[in-house]
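Remarks on the structure that follows.
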Amino acid sequence: MEKKYAKNFSLMELMAVAAAREIRDHEIVFAGTGLPMLGSMLAQNTHAQNCVIVFEAGAVDCKLAHLPMSVGDPRTMRMASTATGLFDVFSTVLQRGWIDVGFLSGAQIDAYGNINATCIGDYKKPKVRFPGSGGSGDIACLSKRTIIIAVHEKRRFPERCDYITSPGWIDGPDGRNKAGLPWGGPEAIITTMGVLKFDEKTKRAYLASYHPGVTAEQVKENTGFDLDISRAEETEPPTEAEIKILREKVDPELIFLKKGED
Amino acid sequence: MEKKYAKNFSLMELMAVAAAREIRDHEIVFAGTGLPMLGSMLAQNTHAQNCVIVFEAGAVDCKLAHLPMSVGDPRTMRMASTATGLFDVFSTVLQRGWIDVGFLSGAQIDAYGNINATCIGDYKKPKVRFPGSGGSGDIACLSKRTIIIAVHEKRRFPERCDYITSPGWIDGPDGRNKAGLPWGGPEAIITTMGVLKFDEKTKRAYLASYHPGVTAEQVKENTGFDLDISRAEETEPPTEAEIKILREKVDPELIFLKKGED
Amino acid sequence: METHLEDKVMSLSEAVKKFIPDGAQVSLGGFTAQRHPMAFVHEMIRQKKKDLHLVGHSPGGDWDMLIGAGCVKRVELAYEADEAFGRIGPRFRLAVQRGEIEWEDYSNFGMVQRIAAGAMGIPFIPTYTMLGSDMLKKEGFSAETRKLRKVPSKKLVLMDCPFTGSKVALLPSVQPDVTVIHAQVVDAQGTVRIYGQNFGDDQQAKAADKVIVTCEEVVQLEELRDYPEHNCIPFFRVNAIVKVPYGAHPYACYRYYDYDPEFLHMYHDKARDDASFKVLLDEYVYGVKSWGEYLEKIGGDEKLKKLKADKLLGYAPKLKRR
Amino acid sequence: METHLEDKVMSLSEAVKKFIPDGAQVSLGGFTAQRHPMAFVHEMIRQKKKDLHLVGHSPGGDWDMLIGAGCVKRVELAYEADEAFGRIGPRFRLAVQRGEIEWEDYSNFGMVQRIAAGAMGIPFIPTYTMLGSDMLKKEGFSAETRKLRKVPSKKLVLMDCPFTGSKVALLPSVQPDVTVIHAQVVDAQGTVRIYGQNFGDDQQAKAADKVIVTCEEVVQLEELRDYPEHNCIPFFRVNAIVKVPYGAHPYACYRYYDYDPEFLHMYHDKARDDASFKVLLDEYVYGVKSWGEYLEKIGGDEKLKKLKADKLLGYAPKLKRR
């Protein structure tokens, strides 16, 4: 069947589709609130019908009928395989090595995919305080790979985070190994302007694609660290089928689709 | 009400009554198979109606209608408050410090109330192998106090166990503290000949009482370590009420009452 | 170990008076959008509790109100926000930025492991989580604070595993003075049954020295003992039982009622500003005498009808959530 | 992570062939009088498995038969017996006394903690249990054995807690190659529901690399997902599902059937002697082709009727037990 690309779609929809496409069939996905939920539900309704959605609050492999507003939302109970709690999911699923892909976001993301969800400025006298790690630090440490979702602004993409809440590649290819992390690391950053991936050798982020309507140069200008855009091409747009499922099945209540992210 | 002592009772019945009397009302009791079950059920049906019986297999505060033949017996499920498993009971109940009294037995018991349930002879080339610790080592380490039940034979009461499976006072009053145990220690040994208690200062076992029909000297002769019998008096016999409850309510099937212990 | 039946069932006001002294280390149950013991939180605020030391994983408005009302001295946490309803707890943010409280950050798994270790009765637990993060390096508590009771002597310790050589972080356990959870059903003796995910309630209760359970229903002894494997906390661990229907509002209680998006959005609007937060507290906490009166204030039967959970789904599928 | 539905449901023979290579580290579910995967044990014996490394807490006849049949090289355990039915596993005792197997003793809690640590994905767990016992001092495995895969490099390590100064024992975690449990109900995809106590099955399954579930009933997907909080193992952890009604005989399976005292007493009588044990194996294991045939041998419908559990109690209250 020929792919029919959608003509009208919002930035949120484009990002949700990009997130969904990072999930492969049969994978076990650690999903957080917002875009990761949209992406996971979309994936489950398109190319990855057998992907298993895990929420840190306890629900494993639920069949969502209504989009949750929280990882602890009662909607995550629907038709789940098991529903325990944080300790069981974090330890026997995540730390035991069963999560194929986890989603992350945060206030700052740096060149090595490290994330700050804690504070701007000194930790003990912060200029701005954020909610803190939540499960983000755990997903970053213990998923087999992670996908980061972010609003693309210069101040949000510094060379180095003020505080590393969720380690990415830390300081390069050997960073995680030196820290003692058993596996994992970020694979992509899906932003409001494009998709960043990590150089195999240096583990620094480079621009893999820019979204329709944006140029690679614009992405570079809006990035606080030096961004390699030499390999960038245009992001593959959402298909009509993806947008239809997203709107009609995933988020018909418009819980996230019409709200700005963060 | 005046106490009416029973005229006819077996040794098993006498021991079951002695075990029951060690349990105080409202206490949380870690019970093993056999005499501890008889004693706990009897206590729950006489002076300690609010004692809570805990089985390592998972059942907490069951209301037994039929005597279990095992701590994992389905009979232990009846009307329990919770029923989880070994890890939960051992860690969140026993190690967390909630067990007031635990019952123990074994093949050898020494002068400091240490118990051997593992082997006779060298550990790597044993002359006789026993089943091993089971929960016994755990109950010995982590109950607030323990009661030991034993067949009284000279070879079973050596000065020192071949192997310490379940630590008692180890080697004296500071033994448990030196080993790092947070609390606990044996309070009494109920045997087929009498009841031994531990000297406050030395923590060595002495004879507190000899059962009707046995003399203190006979107990001493049947003990492998040097037993102080200077404080011994006759064991208080079972009452008619206790024997009646034991026979009619606790073990009407004669699961344990007519069988020899060990 | 005195466990008299009648003594355990009591009012909110009695439970707070009896079990929450100023300075207590307190852990509150629930997670993100569900089962926070809010009625109990309101009562603690009304009784003007001081210097509380809160320990938890991902609290939301429960902690935020306590912090905003000046009840809190110190927190150990992973996250304080209401996710889609409010991406940061406004009073928590301000209290931190103004230096009004002491705080220490771990990850969710980190905190939940510390609490689980407390429940297990061990002094620490090893983990791979947080390795490589600044949670290992940046410490919130001062050396003075580290000397206080119930505060771990170190934030954590890095170690090479003596069996495998791999690097692990040892996290100190937590055993709160009191844990307060909100469950669906409790029997009059204290056996607790929770429907849906347990979150961290099991570990939080078992870690604590004392346990208070607020609940939707108190039932007779026999009712919960037919399936003991469905109960999560043995009766003897529970010290107080308080019946407070809708006691988790504005949060959800699976199979009973859904969260209240309208109230949650309102809270996050008002709590950002000192003056409007004060008005909110006056109106919903200080200005009401009982949880029943509070429920009237938030919309009474009409609101509660909207939140009522569908029997099959356990939530309100038609609830307007934007 | 391929998890095709149809592939998981298979016969005993296929499951043993596919998942139990000689030399595998295997953990068997159940505890004392209940839910040992006996049908699976018989099939392992029939397939003449060799050099198995068994890890468990308190096994009974399951291990005893495997040891007696010569399938076992090495065991890590706390206890091997059938309590009131037999105070020591006769084949285990003889194998140890004759030096035919390698063994390492921990306490029940010790083993269950090691398995729980494996399930949690941590390399060790601290504990106070076993302190002061000879389990700390006497080691069963040789230095050579300690170098093998799946064998911990040390039995345990003593350490002073860096937070409290108290002495703790660090126990190495266990992650078996395969865990086999016998559950009451499994859905065709692998979601497991156990009635009654879970014993260590939850931790044993979650610790293992592969999981096999034998069960009384296999049900359709939807049937177990109405109350996900009553299920203990998520479907994706299960690699094989084998339907074997009465598959735990002579042990009990709560709400389905009771233990069989007659058979258990017979086993302990016969297993004490090499010759009569061989006859027993020939009669009940080698000499039958299926579990159905075995059930005929042990008394067929008449016996099974006696063992059938009372619906309310979950066991057979009128069973003759002496």
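Per-chain numbering from 1; labels A, B, C and D assigned in written order.
To be clear about the criterion, contacts are C-beta pairs under 8 Å (C-beta built on N, C-alpha and C of every residue); 3 or more make two chains touch, one makes a residue touch a chain.
All values reported here derive from a predicted model rather than from experimental measurement.
Shared contacts of chain A and chain D, meaning chains that touch the two of them, come down to C. For the pairs B-C and A-C, the larger set of C-beta contacts lies at A-C. Between chain B and chain C the centroid-to-centroid distance comes to 41 Å (mean Cα coordinates, whole Å). A straight line joining the Cα centres of chain A and chain B is 58 Å long.
Between chain A and chain C, the centres computed from C-alpha atoms are 28 Å apart. For chain C, residues that reach two or more other chains under the stated contact definition are 121-122, 127-128, 166, 168, 196-198, 229. Residues of chain A found to touch two or more other chains are 59, 77, 83-84, 91, 94-95.
If the chains shown are joined wherever they touch, the resulting network has some other arrangement, not a path, ring, star or complete graph.
Applying the touch definition to every pair of chains gives A-C, A-D, B-C, B-D, C-D. The part of chain C that touches chain A in the complex is made up of residues 30-34, 57-58, 77-85, 87-89, 92-93, 96-97, 99, 105-110, 112-113, 115-116, 127-135, 138, 140, 166-168, 196-203, 252, 254-255, 258-259, 261, 309, 313-315, 317, 321-322.
Residue ranges on chain D touching chain A, taken from their complex, read 1-3, 119-122, 189, 191, 206, 222, 225-226, 228-229, 231-237.
Interface of chain C with chain D (complex): residues 121-128, 152-154, 157, 159, 161-164, 166, 168, 170, 172, 194-198, 229-230. If you check the complex, the residues on chain B that touch chain C are 26-28, 50, 52, 59-63, 77, 79-84, 91-98, 100. Against chain D, the residues of chain B that register as touching in their complex are 33-34, 56-59, 65-66, 69-78, 83-87, 90-91, 94-95, 118-119, 123-138, 140-142, 163-167, 170, 175-176, 179-182, 253-256, 259, 262.
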